């Protein structure tokens, strides 16, 4: 700043002393540096804010999952959700970032840029030419993203998975599976070349996580007492306020998740995305409310909350190419889908503690396809449908197969489910030695 | 960014090849575009951050209201507070934005700019010339604001209002009443022409919401068992930590509520507002603490928390025109007022579950009048008092009458209060079929 | 913005009418103003965001402390944690800011710039030439910092300290002790001249708070029933989810705490700091997990959470001068240290309710020394070790002695500990008249 100020004074001095046009030429290059730095700083501030917002989504997921699951397993869930971003960020540092953005020579299916971060030559470089942010911002933003894919699995498999199995799965899924799939589109790989469009990850993040969750609950089986004589037995969550905090924090974080996916602070583009994102969240809530009332004949608050998430997941693939009006439709449909998806899963005795498969997989697929239905590029042309279907299929098959394989091998090798006694008595007392809540008033 | 980089290289190339002064002229226009984009981006990033912060106030309100009300009604309150921003954003999209900023031909009392958003011709426009943000940022920031007016009502009428009545009221109050009143000042209407000053909404948002709340609790009547034999019976809230989370999130959000009302990221103006806002919140807490101790003879934590809000509401009308020193006074008085207002309401058997009328109406009026007492414009002249009184009266009469009418008609048509049995047993089990908290450790 | 737009049109007009090179000269100075304002606005937006993030750390501390302490004292803890930033901001306004940044004539140990804020001549000045932010942003950012030092003490002394003693201590510690110590480095005082390096306050904030906490628990003595027959008796906290919310909010806030300590939005420098900060938090969690398992033979979630904080405190002194790779080591060691520190304190019957001394003092010292081991300045030279040791010693002796003296005098004058009956029955019912949680379902 002091340098800038000196230049300002210099300029005034030159003007006062009757500078020539040639002096102006010299000043122009000073100015160029300041102007470019100002724009770059503004863009990077937005991207750092987006990073911070995506980070807080991990607290959001923790809240939703701990709030919607039983009090005897609260600590176990929070333990998983705290270690998930830890593992996610570290694996992304060690291997993920360079798997996802390997610098394909030609668009392909696999490439690897080497272990660890590729520290720019000049250390704290501001000259990272890839876009509106620095190398470091890029890494951290993408690392926060990566960890969300595993978090999605966490909620579905809660209350009966062995903690060691979950952590091993997370290590492999976030460290290897997620970044390789991501590279196909965001790293400039084969899906990108095929015309597949996924703005912020309805498929690459959410459905990938959702497929992982589905593989997990198939191999784990339902919780004891969940399906009895053809009936679905509710397992009341410990705290609806905690789940509500989680949902609001997820909506908050989505402003960074989608808004940051513009990869700069470009005013029109980013703010447009925030609007479509919010509108879809709103109609998602209404969709969940209406469908929930239709199915359960009550004002089902859980379905309103999951409806918000459904709308958000749904708009994520096309938040920048779908109009505000169609965003309302995308969200509404997602909110309705999430209810019927949850009911359908229960019919197949697929026990998903928090509705993660319905929210992230069902609505992730819907949102990706919606890009091929409602999406319009900047020149006003409709985006094609078939590449969307292709991308959904390719990513889905890969994510599900990989997750199934990991869980299957873990199951054969060590078992992935806790003992019946531990499940009934709760994971907190057995694995962690403390209770989630201890509310007493007498010594 | 790539374009910018190319220009930077071009500049260096020109310099190296001995450019003339005329080349500099051409570069100047390149530079202008970058400079303007940099400043615009920075301003818009701040406004998007402010939008995000105002959004999280809805979680703040949810926390305060669910924390301060009884555990048997927790889900019902969270349900209302989740749907309030949903309804608020959607109605603002459909009708509110164009009611509030209709583009008055001459300053008046009513004009309407048409349904839905007025999408800029070039789609993702960055050329929204009204200020330091885009059209989309403008809409979303104002939409987040709109929904707060209804949320204020939600807390006061909790624990006995019919959910259908509340949602219908919200639809009309946020969709129509709030934006019309807002248009009188912020839309360039008649109150603006009359010299009324309300920086960020002590009157236009908070007292409008507070008047709505007052109308609601008059027509609803107090909760069963609240006033017995001339005594006020405490109804302990479910969770003080939840209420505290709410208050901190509201303070956090207020940085966006007031800071964003500068309508750009102008460094001096915005940061000045953040300072006056924080100072008033602090002395508000002390005012609530001292007055609470004076009245109740205990360290009343509820009054400290409401004192924070009182200070924030109080400084909102004049955060940019009141000095830091006077901001301390505005906050302190607000913190004291909120306690005596709450006691007074109880004397009249006006049962406000969370103190919303005292916080938002009483302190909203105080803050608006304080502008006419302590406020100084940029040229150092005191702001006049009478237009403040006029604005308070006009908005108050309109807001109260409208809200009273809506609630009255709903009462006549469908009833606005739940049955005695539902109220006693709690709204959660009857309307939503789940409990707010289920903390058990044995299967 | 309108001014800018007019200039843009002017420029186009001039070009169209065949402007001369001299016209370009005039435009260059217009441009300079816009460019400088753009960069300044972007920098200041980041600093305001950092301020907002540090603010929310106070909710983080409140969550950790209320979550980790017994339910009978929940309101008391929240009361303290709400008043701590209130007192912190107000004392910093009255005296602290000018004690900490007094404008030393020569580097020294004490100077005072006068009471209250030194309002810039032009009021809402944007010309605050000290760096990438305004005078007001500077004050508020530093004020939010100041209050954290006292908050650290709050957690350690919880559950048995008299509220009046705590508030008096906070007033003196934050108002006088903290800013004087801070002035030695950040105010350009004697430690700065001695080559001591502390980027964001491992010593100046965290260990200062930690020393205060240590003094407090020595003079208070342990809680009744904490150490019985040579055994350490667990006192289960009220809510692990609340503590988890607290930890995540602290991590979130640390992006502002460390990221804002760059004192501008400089893209490379800030984003680098966010990366080292996050990596250390992650390995801190692992260090706590491993050491906790080694010591307690269980997956101790409390140690994972405190490990996150330990990593964050550890990297704070050198977040800008330590490489990402070494940041992993700094965090891991901090996470291990926090466990053994906690065990050691218990051996000496030093009862720290939330592990504040272990987190902030032990890891604050470690982090400061780590700068002298792993730190490298911008020219690639290793930072010296001895000034780090000197700074740790000088600040430690001063902070501990001052805190001890304040608590000692308060103890002699009024007593600092509540009665045995109040401690056993809980502070909430005796001092505040309400419970922290009231979860019932029958009227």
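Each chain gets a letter, A, B and C, in the order it is written, and its residues are counted from 1.
In the analysis below, a residue touches a chain if its C-beta (ideal position, glycine included) is under 8 Å from a C-beta of that chain, and two chains touch if they have at least 3 such contacts.
Everything numeric in this text was worked out from a predicted model, so none of it was measured.
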item: Type of chain A:chain C copy interface by residue overlap (half), same or different; value: different
item: Cα superposition angle of chain B on its copy chain C, in degrees to the nearest 5; value: 120
item: Chain A and chain C, separation of their C-alpha mean positions in angstrom; value: 29
item: Shared-contact residues (touching 2 or more other chains) in chain B; value: 21, 24, 28, 31, 35, 38-42, 45, 49, 238-239, 245, 435-437, 439
item: Interfacial residue positions of chain C with respect to chain B in the complex; value: 1-2, 4-5, 7-8, 11-12, 15, 19, 21, 23-24, 27-28, 31, 34-35, 37-42, 44-45, 48-49, 51-52, 55-56, 58-59, 62-63, 66-67, 74-75, 78-79, 81-83, 85-86, 89-90, 93, 116-117, 119, 123-126, 133-137, 139-140, 143, 163, 238-239, 242, 245, 431-441, 443
item: Residue numbers on chain C that touch chain A, as the complex places them; value: 21-22, 24-25, 28-29, 31-32, 35-36, 38-43, 45-46, 49, 53, 70-72, 129-132, 234, 236-241, 244-245, 247-249, 251-252, 255, 259, 264-272, 274-275, 278-279, 281-283, 285-286, 289, 296, 298-302, 304-305, 308, 323-325, 328, 378, 424-426, 429, 435-437, 439
